[in-house]
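In the two complexes below, chain A is the common chain; its partner is chain B in one and chain C in the other.
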Partner chain A sequence: MDVIIWSRIQFAMTAAYHWLFVQLTLGLALVMAVMETIWLVKKDEFWKKTAQFWMKLFAINFAVGIATGIILEFEFGTNWSNYSWFVGDMFGAPLAIEGILAFFMEATFFAVMFFGWDKVSPKFHLASTWLTGIGATISAYWILVANGWMQNPVGTTFNPETVRSEMASAAAFWEVITNPVAVSKFFHAVTSGWVTGGIFVVGVSAWYLLHDRQSQFARKSLLIGAIVGLVGSGAVMLSGDSSGVHAAEFQPMKLAAAEGLQDGGNGAAFTIVPGIKVPKMLSILATHDPDGFVPGINDILRGYTDSEGNVVPSVAEKMAMGREALVALSIYRTTDDPSEKAEARYALEENVQYMGYGHLEKPEDVVPPVGVVFWAFRLMIGLGMLIALVLLLSLIAVWKDKLGAWKWLLWAAIICIPLAYICGQAGWIVAEVGRQPWTIQGLLPVNVAISSLSAAAVKTTFFIFLAVFALFLAIEIRIMIRAIRKGPEVEPEKS
Partner chain B sequence: MSYEFLQNYWWCLIALLGGLLVALMFVQGANLHLGNRVLSDVQKRMVLNSTGRKWELTFTTLVTFGGAFFASFPLFYSTSFGGAYWVWVLLLLSFVFQAVAYEFQNKKGNLLGVKGFRIALICNGILAPFLVGTAVGTFFTGSDFTVNKVAITDPLSPVISTWGNCWHGLEALGQFHAVLLGCTLMFLTCILGALYILNNIDDTQIHSQVRRTVKLCILPFLLFFLCWLVILLVGVGYAVDEAGVVSLEKYKYLHNFLQMPAVLILFLVGVVLVLCGIYQGAFTKSRSGIWPAGIGTVLVVMAVFFIAGFNGTAYYPSCTDLQSSLTIRNSSSSQFTLQVMFWVSLLIPFVVAYIAYAWHQMDRKKITQDEISGTPHKY
Partner chain C sequence: MKSIRHTMAAVWHFYRDSFRNMTWGRPLVWLILLKVFILFAILRVFFFKPAMAGLSDEERSRVVGERITGSQPPENPDNTYKF
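For the complex of A and B:
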């Protein structure tokens, strides 16, 4: 395998691993903040001890999240050198805002939250708990602005003087930070974190109930977890719907791959699993119109006319225009003849939107791994719905006082904890594998985004990181399980 | 705001962040005391909890320093990180282990045991300042890279910044001048760590141990620092003219000090403050040496960044192809982006204020043996 593949595998592994910890951080932060607020409102020590227990688990998880976040930041530069230069100007402002607004907020108030129980006033402590979660959420927004731009590069223009994408006006910056892909991704990612946090609390609480330990703590925690998780599930569905519409609009190949749709058309059916289809459902999901046009993989390869009458060129035509853009850029950068320079600039501007296609070898390169994206999409939706159902039933069980009787539900809640992680990973596979071969949609394919490294160097660091990640995960799970087994010490244990 | 002003402004902020990062590496220096055989386990736990309440600040400053470089001078980020691969990976690994070592160290079931994680913290205490110092040292010695933006049009070799050797950054370990700065930083952070412990922990035995550390580190620190400084001042530097042409200039960095007297004053004030802090820690009963030494460190590092980048100097020189050298002018983000970031950066005083307030509240009580045993959450 070459350096491109190893760089992709290494980055994919780091991003996927990092997300394992982020999704719980986002959800558990909200659960803890709600519990501590109840403590302050009710002045009931029970809620303080309850919040402290979940905080202990939060801290174990948070440490690995921080440790892996910095690896991603470094890997942008170490493994994706061209990409760093190409996007540096666009990433600048969101990163500055993330660093100044979010990073220090998270770091400072996490320390106050963790160590400050007897050092600061209860109100200051509560504010710190909320600010830790808010800091993590703000951080998520700005990093998803950057990610959203990679999926739908709005608000920037290619500058041949600097050979990169640049923002040029306040309107362009506004376009970047309100990019619809970024906004829906933010809500989808953050609220899926709430679902994970919710089901984690419900599952752990279910374990205590099954073992007849800490029953008051478990019931009340389960209630809060189920509410947070259900609110998250509703928001995930809504933001997922808009993600589908945006994929149809800005990344039709991703949608076609997720659907395994070879040949599209009007009134396209949604495939639940191969052989079972719901008529017109894909058109409804993608365009909110039962007869809307959804292009398939072959349509995109050959070129098509969309429902608004716009002619979309074939990939071969885009590649030809992209190559013209690259030749024009090369001439523009090397010639000293003013008229030749002006001509090259004109040719570049005419074809620049397809410049990335000029780097492709053949039209089929724009097709992502269909099988992986197709099944990841189904796994994400299926597991997401299952978890939402378990959360809903948990709430009903609390309401009807059936927690003791519905033991199967308690087991289901425990099983749903790992399923929530699989669901989150599947979602990112759809989002990131689905946009291959692009690091930046249409502008920069992965083979041009890399650093000048040997495959052996990247392979070595891949295995180093793999070993480190495996070690950390094993330790994290062991410590987490021990902490859960030890219990919250809210109520005296039965002998 | 002119483009030049914004570029200079962001170089100043990079310098400030670099200074804060080095000063905050007292965390790394202090953690070296986890290997002190005279200290009992409880005392080591006090040290661990003392740095454990600050490590995230250092870590976040490192992340922000990297992010600020990425945002304001992306060509440096893509060239250095993609080129000096192994230096950054090693630095990264040392910080990654540090980040989990606090939380995992004293938890049962952590697989590596207390000792394993303490070794990780000590390795980070040595490696992090050494590697950061050596990497910054290459700002003056030059590195083996070329930058060719037209390369992106070449499908066979599209990478803009390419490294000239297969060592990918490890060759800096063979550059005597760069290594001197690495060693200087290592001993400086060791001193800062000792001064921090002196200030933050109430324990007479720990105090006597850290004062001894300061005394032991003075000589090597001064030796490495002065050697680095003398070689810097009498050596060749990388000058860049108004047309952007880079050339070698004898005594360039000495010229920079003399032609920018404000930077020279900043540097000298910083050095004096560091020496005052060291004197307080080593030879008086004062426990406040961390303040002058910390502030002095920030000033010295800022001055070092200023002479590296200002007054027509290439801050990241290429010894392979002089004209590929990176300057503040040719490696920055666009004027618009720097301007947006400028407005955002005006929030920094607000951020500093809340950090200061939060830590003032947290540090009102010094760390003692009783405090450690009575704290509900501890490392």
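For the complex of A and C:
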């Protein structure tokens, strides 16, 4: 395998590992904040103890997950230096805001939340708990602004002098932070975290019920977890719908790959699994119109006319325009003749949106690995629906007082904890593998974004990370299981 | 001035006393410190040197510009753009 593949695998592993902690942090923060709020409203010490237990698990997850995101920034500078320079202040600004504002907010209020139970007033403590969760959520927003820009690079202008994408004004910054792709990714990612937090609480509570321990604590925790998880599931579906529409608009190849759609058309069917289709459903999901046009892989390669009558050039045409952009950039950067420079700049600006296509060798290079994206998409949706069903049944079981009788449901809830993580990872595979070969959609393919490195160097750090990550994950799981086995200090244990 | 100093002292005591009185959280703090050490003192120093460290902004523009314009495939026969 070459350096590009090793660098991509390394980045994917680091990002996937980082996300394991983020998704639980986002969800558990909401669960414990709700529980603490109930404590303050009801003045019932039970809820304080309950919130403290979940906060303990939150702290374990937070401690092991902390700083794993920093490794991604190491990799940007070492493995993806061309990309890092090219993205310019576009990445610098959101990540700096994330680092300064959100992270410090999160870290400061986390300390008050963790240490301050008997040292600050209950209201201040509650505010700190909420602000810890809000800080984590704001962090996620800025990261997803950066990620959303890579999927749909709006608000920036390519500067041929500096070879960077630059934000020229406050309006451009606003366009970047309100990028529709970033906004829908943010809601999708955060609310999927609520689902993870919800099913985690339901699953752990189910374990106590199966072991006939802490039954009041488990039942009430399960109720809160199920409500948070179900609200998250509903919001995930809504934001997923919006993500689908944006994919159709800005990244039609990703959608075509996720559907395995070779030839598109009006009134396109949605494939549940190969051989089972729902007529017109893909058009509804992608365009909110049962007869809307959805391009397939071949349509995108050959060029097509979209639902609004816009002619989308073929990939070969985009490649030609991309090469014109690259030739113009080359002339602009080497000539001293002012008129030639002006002409080159004009040609560059005319074709810059296709500049990345100039690096491709053949049109088929824009097709991502269809099988991986297709099955990851189905895994994400299938597991998401299964988890939503388990959450709904858990709520019904609490309502009908069937938790003791429906032992199968308790087991299902426990099994759903790892499934929630697999679901989250599958979602990221759809989002990131589905946009290959681009690091920045249409502007910079992975083979140009990479640094001049040897594959051996990346391989070495990959295996170091693998060992370190595996060690820390094993430690986290061990500490977490020990804390769960010990249980909350809510009810006296049966002897 | 006095109130700022008082607040700073209160914050310091809050953190100091909290860390001193930690029970189950103590191994987590050690875990964080160990991880930060591995990340910054080992991986960052020995394995993750920025590829363009030491270059000025002009040099970085030149390097990336050459990489971008130099990596294009042979000229497309359909490319009709001429100066």
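The working rule: the second predicted complex is superposed on the first by the 495 of 495 C-alpha atoms of A that agree within 3 Å, B and C clash if a C-alpha of one lies under 4 Å from a C-alpha of the other, contacts with A are read in each partner's own complex, and residues count from 1 in each chain.
Please note the rule applied: a residue touches a chain if its C-beta (ideal position, glycine included) is under 8 Å from a C-beta of that chain, and two chains touch if they have at least 3 such contacts.
Keep in mind the model is a prediction, meaning the values are calculated, not measured.
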Fit-or-clash call for chain B and chain C when the two complexes are aligned on chain A: clash
Which superposed partner A:S454 touches (first chain B, second chain C, both, neither): first
Which superposed partner A:A107 touches (first chain B, second chain C, both, neither): first
Touched partner set for A:G99, first chain B, second chain C, both or neither: first
First, second, both or neither for A:L389, with chain B first and chain C second: neither
First (chain B), second (chain C), both or neither touched by A:I71: both
Touching partner for A:I475 - first (chain B), second (chain C), both, neither: both
Which superposed partner A:A405 touches (first chain B, second chain C, both, neither): neither
Contacts of A:N82 with chain B and chain C, given as first, second, both or neither: both
If touched residues of chain A are counted for chain B and for chain C, the larger one: B
Chain B versus chain C as contact partner of A:S169, first or second or both or neither: first
Clashing chain B stretch [against chain C; choices 77-85, 185-193, 275-283 or 293-301]: 77-85
Set intersection of chain A contacts, chain C complex versus chain B complex: 56, 59-60, 63-64, 66-67, 70-71, 74, 77-79, 81-82, 85, 111, 114-116, 119, 162-164, 326-327, 329-330, 333, 359, 447-448, 451-453, 457, 461, 464, 468, 472, 475, 479, 483
Of all residues in chain B, those that touch chain A in their complex: 53-54, 56-57, 59-60, 62-64, 66-68, 70-72, 74-75, 77-83, 85-86, 88-89, 92-93, 95-97, 99-100, 102-104, 107-112, 149-150, 152-153, 155, 157-163, 166, 168, 333-334, 336-338, 340-341, 344-345, 347-348, 351, 354-355, 358-359, 361-362, 364-365, 374-378
Residue ranges of chain A in contact with chain B within the complex: 52, 55-56, 59-60, 62-64, 66-71, 73-74, 76-85, 87-93, 95-101, 103-112, 114-120, 124, 128, 159, 162-164, 166-169, 172-173, 326-327, 329-330, 333-334, 359, 447-448, 450-454, 457, 461, 464, 468, 471-472, 474-475, 478-479, 481-483
Chain C residues within the chain A interface of the complex: 14-15, 18, 24-25, 27-29, 31-32, 35-36, 38-39, 43-44, 47-53, 57, 60-61, 63-65, 67-69, 71-73, 75-76, 78-79, 81, 83
Touching residues (chain side chain A, partner chain C) in the complex: 56, 59-60, 63-64, 66-67, 70-71, 74-75, 77-79, 81-82, 85-86, 111, 114-116, 119, 160-164, 316, 319-320, 323-324, 326-331, 333, 340, 343-344, 347, 358-361, 447-448, 451-453, 457, 460-461, 464, 468, 472, 475, 479, 483
